[in-house]
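Going by the order they are written in, the chains are A, B, C and D; count residues from 1 in each one.
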């Protein structure tokens, strides 16, 4: 292991290293992470209060990952997610209103109200779908990458997956296929140490999953997934390599989700208690908190700017929600429409 | 005292683990009090985490492992908290479990029980709502069991696990809150079980399974009030399928309605209707046979569409009235 | 000049790869001249190993990859040299390909073609002999295509690949040596295709697909000699299934025989019979409908048992005679 | 890599190191390997000449692996094979006549004529089944191992698989499950560099597959699969460890099959030519040849003994075949019998 143990919640509480980074970009990171956080915190409350009918898997605490990755992507890339993908989509600059509408099952949603929180699609942003079947999208992302290669385009594919999804054999098949095909794909593993109620130590003999990439000779990087700058730099380099035809890579981001596996509870995880001590330690590794501290270290006067930003985001989130609430549900004939093209 | 369906399953597990040291359980969510409803609560605490094994997210290998253990004389139960996840385990189920007895001249006994839970509604959508029993009922070598009553929930589970054959035991979460008196446990011989008549009647034979059978029971009185006497046959065992009781019933009522919670094409309702019409004397039917199934579409998420997608008791009653008129 | 069925498939691939740059092929055995009969010979040499990709032994990921490529506008064909191997790829097929269009409100187009070859006989046994078309015909969202004639072998392949929907294209190696004149290629719209009448007759409607349709054609003259006039309907498209032509035919002949090379329970023959009897006027049948399918058992290996397991033309003729008498 | 490149056919032609080995055991190895070789050479001829109706996958050239492993196993262990498993079964001391009968589809066969060459079962020898679906038996073997653990018996499971089978994701799932369960199982990978017509370099980024074991933290050993003594010693140690409760291990045996993928041809492999030079080089690494040379180095007079043994084996193989030929086929009612117990 190159670093102090990333899986230990006592480590990595300090501000992140932002030296040499453009301030505007850092503020963009802050804004994007905060927007996602506020959106998910709102979803938690609305789910608790019965406004949302279906399950929501919240990624609060993990925002640094998609926010760090997305600036190096563009809309002709192919990004695939899973059940916990609000952030993956929003970080691409996709519409928050459409996300809320989708979660509410409204016809104006990203998936026209046919998908809900776990099934998101936004081709214009380069988001090619998220589904709740573990690892279901991973080979699809490899296929998208093969297609980019065949078309000699500069597009790449990105597959977000969790430490649990990695246990599906299809993931190692996908890595091997990507490697042998030199497919332009970046696998991003959000290792939050849990698959629903099961800690990784109950499921795997090691808490780091990049050993699966090693097995497929896919170059990999293990990093602090709550450090948006580290994610950004590593992803940028990887994506450059991949775009230039060097084949697949994998980035393993150690992180933690503040909410439980599904819905709004924080300390109860599909019935398994996580200790409040752990949760609080992880809150000290909050990616937004740490970036904020770093920004204040550079320039104390930035606080006002951040406060303004927060006010604006609160308004935006609130109004997107209210808009979505008013939207219509899909017409009944949508039930049989769209089964075939 | 009445017991609910979920607790009846739990008591089946309890009985098996208590009395049969060769029984063990493996699957996702077994160490969580919430994952599989109340059907397995605290089994790990009572019987130990060695015999009640929660697993990595690897349906394919875990199902295969249960099959392999059964070959050596164990009686494993592999639990899939949603049937949808079993699609990752199809090779183990269809190419392995279903084939090994025949392929090795009757010497290998993959006496595994594969429990698949139907867990739908609640805006969970296309990949988290499926009722795939027909896929398994198509495969020779598998026994497919779908309890609908509280007693069957427990006793057919026990019979499945004690059967030397691979069994797909399918329970629908929409049945869990139903309650009934539970008799003493009877160890049934699964190979002797088949469809059963839950309600005798004269106007229409209504065949169903699992949650659909419960719906049939629920509407029975309501249509009786309208002067229609339903004969309800609960399939219970979908494969190998024995149509004889249904045939007998249709000879009496002259009408056949099959309600199935799965899809129509090549589904269980198709099997019932073709099995009956192949055997039934020409002219014995007073009206055309009818299937009520899911629409031919994946499950939607939006609640407004879910209400259309799943059969309501009201729609079922309308269909029955139309058929008998 | 007559062309055989295998070569017709090859010419379909040739046409697609020649005319559609978005077409590529991926699967096991594509760089071997023997693996998939003569149906893909030298495609890799002609179109390059980039577009004709032989793969690791990873059916699950390779099928998923083909689906993913199709979402980005490509028209991939994933080849499984035996259908049996597709059981490893069921999640990709059933949970992904079949669902994505509906689940994303019609915006995602998994226009992939999944070619599964039925490769049985020759003492290959239970895991290398299956005809699993009914499993796929059960799933809304999949189109299931089974050519029986030489022209369909080519033109339905082309239509499958050009279709924006996920298509399971199933060809049976027992059809490969059949020859016929090949007309000019017609680009069919798969969504408009359905069952077709291959032979008109008055005494019995015989419905079949794939190799069974060829058997039907083979026995047609022989039973004609015995004074029986067969109407043969070749299913071609098993899902979504359109029973209207069959219904029309049965109205004329009053008799229905369905021959299917798969298993009986929840199989394609069940679907045909139930679809027809649901719609057919009471009293229109002169004899009970009948299914001829495989026995409800895995495929044996021993040649003596294989001869019993698979339907011979002689047995088919006997069944026809019995039914009409 | 600990050794000179095992995948290079120019290496490892010399006699094997037998120092310290019991002579009787070495002769037993010789006998067992020779018996398997003769049985398979006969099957090749009989298949070519039309006596055998189904496909036969011959393992000639790979005999050292099961012959080296089996002495450390006993009949209460659970051994699982695949499509190329004649040797796996015979090395356990199982009946040759029953194997021939099975290949011929006779009722007296190991699987009562219901399985043929690719589906073998011999519970009394501890052989719990072989099937042609790639990796199909691998998770089953893990389950057998879990069952041994639950019963607190000293049995272990053995899964034989090929370098191609490893590409099925179910294999890595199985290794992870075995590891987390501390299941007493030995995975034996016969890496013969080919999966039907495809050389491993066309399928995987490295020719050694034990990197998958590394990913699952399953201790692994890479060795010369054509050196029966090395196989024996490594397997014995591994099996001792496994029996004593130390969890799964994997042994990767580099080897080569002399015949093509299926049936009797040697230089044509499902249509892909293997060069005669390669085949001849590999013949110089023939495990029987190399053991013979080692035996003669110890004691030249052993030649007579080996010749006698060969004569006897020839007779045995021939008579087992003739017996099997006379046996009856399964009765027709077997078609529907046995679908259920």
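In this text, a contact is a pair of C-beta atoms (placed from the backbone, for glycine too) under 8 Å apart; a residue touches a chain by one contact, two chains touch by 3 or more.
Bear in mind the structure is a predicted one, so any value in this text is a computation, not a measurement.
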{"item": "Between B-D and A-B, the pair joined by more C-beta contacts", "value": "B-D"}
{"item": "Reference subunit A; chain at largest CA-centroid distance", "value": "D"}
{"item": "Between subunit B and subunit A, distance of the C-alpha-averaged centres to the nearest whole Å", "value": "37"}
{"item": "Cα-centroid distance, subunit A relative to subunit D, in whole angstrom", "value": "46"}
{"item": "Gap in Å, rounded to a whole number, between the CA centres of subunit C and subunit A", "value": "41"}
{"item": "Where subunit B touches two or more other chains at once, by residue number", "value": "55-56, 58, 60-61, 84, 88, 91, 95, 99, 102-103, 125-127, 140-141, 240, 295-298, 300"}
{"item": "Residue list for subunit A, restricted to those that touch at least two other chains", "value": "113-115, 119, 131, 133, 136, 167-170, 173, 176, 180, 202-204, 330, 334, 339"}
{"item": "Subunit B residues within the subunit D interface of the complex", "value": "24, 26, 50-51, 53, 55-56, 58, 60-74, 76, 91-92, 95-96, 99-109, 111, 140-141, 143, 163-165, 191, 240"}
{"item": "Interface residues, subunit A side, partner subunit D - complex", "value": "167-173, 176, 179-180, 202-206, 211-212, 214-217"}
{"item": "In the complex, subunit D residues that touch subunit B", "value": "78, 80, 109, 111-115, 119, 121, 123, 128-129, 131, 133, 136-144, 146-148, 150, 157, 169-170, 173-174, 176-177, 180-181, 330, 334, 337-341"}
{"item": "Subunit C to subunit B touching residues, read off their complex", "value": "84, 87-88, 90-91, 94-95, 98-99, 102-103, 125-127, 134-135, 137-141, 239-241, 262-263, 265-271, 273-275, 277-280, 282-283, 285-291, 295-298, 300"}
{"item": "List of subunit B residues in touch with subunit A within their complex", "value": "29, 31-35, 54-61, 84-85, 88, 122-128, 295-298, 300-305, 308-309"}
